[in-house]
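Shared between the two complexes below is chain A, which pairs with chain B and chain C, respectively.
Moving on, here comes the complex of A and B:
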């Protein structure tokens, strides 16, 4: 799992030791990364975000998918394995 | 209370990139136009929506007029219709004292219909159909001739009227700028102008009373105007001496830049675009040092974009979100190059109607057309936008509401925020009926 190798700080600083690239994520981005690492599914994370931020599950899921796609472009996420 | 929501984002760090984000973010918000909230404008008049500011139009006109009048005793601004010929916009400039500069039968007729007398019209352009040319002659318009064939037409009209006609000559020349618009009028350096002048004098039907030179548009070199003015003064003296004519006006055309960001220019317009006062100084210096004291021909300026561009805004709404294969975020707006013809040449200022949390990210702004060319901005730096977010694009007051096209979809309303802060519709949105009214189905297809 690619996510495991990443160094993620509490401030949202992400370092990929394999490529040497650094990234920043915002608060919600950080939440998604952490929950994914804990093994939660995007659907489950959408539920949490909808609770915490008062947005609909659909909007949360759509934004999560968008986020994951961005991660995939950076080579940080693979659809099947995470 | 729930925590404020930010769309999740991940950004790759690049040196120098994050440094800028704060300052650019604070400049990116526009909640109102002349005091009228963007949200209210859209609720009442729809999106997309062109919005013009009467205050800005009048202020810019007065500023430019007084600026030039402070440098040279006789100045006339002639409003370039092609830049924006909406009635209300033309009316405002005419009220401020501008005459009309037109380049076609349509524009001539539109100015007349608005109540501009013929002798308050400057008639330019490479093709003036004979009928309208005759009307312009009879109504006393200033006609700047573009070609020898037009001279033949005018000589014929002079024979009809039995009077000697007073005309201007459009001249093209080297003023040190590129591209050179050398397809309009007669060339100076090659001697073409003088040949034509000889031809006119020999014909005995026409008399040259004015010289015209429009070098191009968005000219960032004030000195080019100084050179044009010098060359026109020299030419006018030569024509007066050789042919006994009196050159009553020198018309330097348009071309002053607005604060827009021309593509390919790295610097922001605040730095790249010289202040208009530099243009006034260069022109006045050239004229005043060369003209004999007390002998001041009228200086005509056909300034278009510098008067109107910054008074125009387009409000548009994010209708869909996309992620491109290369990872960039993209938005689909309800306004595209059908409405924003100038998007091909300029990077507009893109402002969001409210502060949006989240880091700015490079993104592409697409219009609604099902065409690959429909790109409003290929790289904007914007925070993550939700569907429904309104953007304000500017400056868009010049050449868009004339060169826009009815293509794929309808053209929207245009409103004017008046000096009192009221909002008036100055052009209604197009309807299906507007578009199909001129079509006909032949009998066998019915």
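Moving on, here comes the complex of A and C:
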């Protein structure tokens, strides 16, 4: 799992030690990354986000899918859940 | 105190590796006194007296073996020189040829063999890449204008047009490719190498091979900012496992001896070998700064010792090059011009 190798700071700075690329994520992105690393599924994270931000699970899941697509473009997400 | 001479002290816009090597040596365990070897009285290192105790001009390698050897022996005599670390491509073949003779005079080096040195020729890259399990961009070796025209109809633009050892231009059109082809033929002759451009991350590995298939450490970096000459200005350490494995295979397969740099493009899961440099790169101080003092280890190997082999460096360390300036008396320049030394 590529996510495991990332160095993620509390400020939302993300460094990939293999490629040398760095990224910044906002608070929501940071939450998603952390939960993915803990092994939670996008559906489970959508549940947490829906409670945290007062949005529907469906909306949260769409946002997560968008985020994962962006990560896939950067080569940081390949398998369905990993 | 070991008296060691280092060349490549031309810290200019296309900097030689000398100053980085010297900074590493000064941070090593073995106390050193440094002699700078220069080819021009204006090479900045000559004026950096805190880093370089004494400086000497050398004749150009193209003037032949005898004047070069005589000059080195003169410097040895005057300074009590023990080790030489050459750092420039153009002088390396001569140093390699002279290695045994220098050694018989008590001047130690730690260099690749002539056969290893030849691997850096760009027409050898596909063979090297295959041997170490990586790729090369689609490459054609040309020895005539007709071959160029044929190659241009086969390759996808942009392409790189390169000399066998020096010069590389990026061409976006046929006209540009032809212009660069003629420029390289005029300056360096045949063959000319044309190569498809691979998109990806530019990553390089530096290391020192022990000559028996092992090494005294590797460090991989990614260039973040480059100058208009393609030289690194900022960079970051990376721990790309496949790239480091390829570098270890390189050392093992060719039983590489001495310093080397592999220049690659990493594109997804593919690694493309772009260049082999049989010496330290100009950014060698980066390796020193992350705890892998390759110049000091090479010095130890040259002296017949057994250098450290650990190379567990952190990813995410940043390298920043910067410009600096200095004011000094004309006297130093005067001495270099009139006496060839200071």
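We adopt the following convention: the second predicted complex is superposed on the first by the 81 of 82 C-alpha atoms of A that agree within 3 Å, B and C clash if a C-alpha of one lies under 4 Å from a C-alpha of the other, contacts with A are read in each partner's own complex, and residues count from 1 in each chain.
One rule holds for everything that comes next: a residue touches a chain if its C-beta (ideal position, glycine included) is under 8 Å from a C-beta of that chain, and two chains touch if they have at least 3 such contacts.
This is a predicted model, so every value here is computed, not measured.
A.B. asks: Please tell me, clash or fit, for chain B and chain C sharing chain A in the overlay.
C.D. replies: Here chain B and chain C can both sit on chain A without a clash.
A.B. asks: Would you check which partner chain A:18 touches, where first means chain B only, second means chain C only, and both and neither mean what they say?
C.D. replies: second
A.B. asks: Regarding the shared-chain residue A:63, is it in contact with chain B (first), chain C (second), both, or neither?
C.D. replies: The answer is first: A:63 touches chain B but not chain C.
A.B. asks: Touch test for A:28: chain B only (first), chain C only (second), both, or neither?
C.D. replies: first
A.B. asks: What is the contact status of A:53 with respect to chain B (first) and chain C (second): first, second, both, or neither?
C.D. replies: First partner only.
A.B. asks: Looking at the overlay, does A:7 come into contact with chain B only (first), chain C only (second), both, or neither?
C.D. replies: A:7: touches chain C, not chain B.
A.B. asks: May I ask you to decide whether A:71 touches chain B, chain C, both, or neither, giving the answer as first, second, both or neither?
C.D. replies: first
A.B. asks: Check the superposed model and tell me the shortest C-alpha distance between chain B and chain C, rounded to whole Å.
C.D. replies: 9
A.B. asks: Output the chain A positions appearing in both contact lists, the one against chain B and the one against chain C.
C.D. replies: 21-22.
A.B. asks: Looking at the complex, which residues from chain A come into contact with chain B?
C.D. replies: The touching residues are 14, 21-29, 31-32, 52-55, 63-64, 66-67, 69-71, 73-74, 76.
A.B. asks: Which part of chain A faces chain C closely enough to touch in the complex?
C.D. replies: Touching chain C: residues 7, 15, 17-22, 75 of chain A.
A.B. asks: Across the complex, what residues on chain C touch chain A?
C.D. replies: Contact set of chain C toward chain A: 201, 203, 221-222, 224, 235-241, 266, 268, 315-316.
A.B. asks: Provide the residue numbers of chain B that touch chain A in the complex, in ascending order.
C.D. replies: 2-13, 18, 321, 323, 326-327, 329, 357-359
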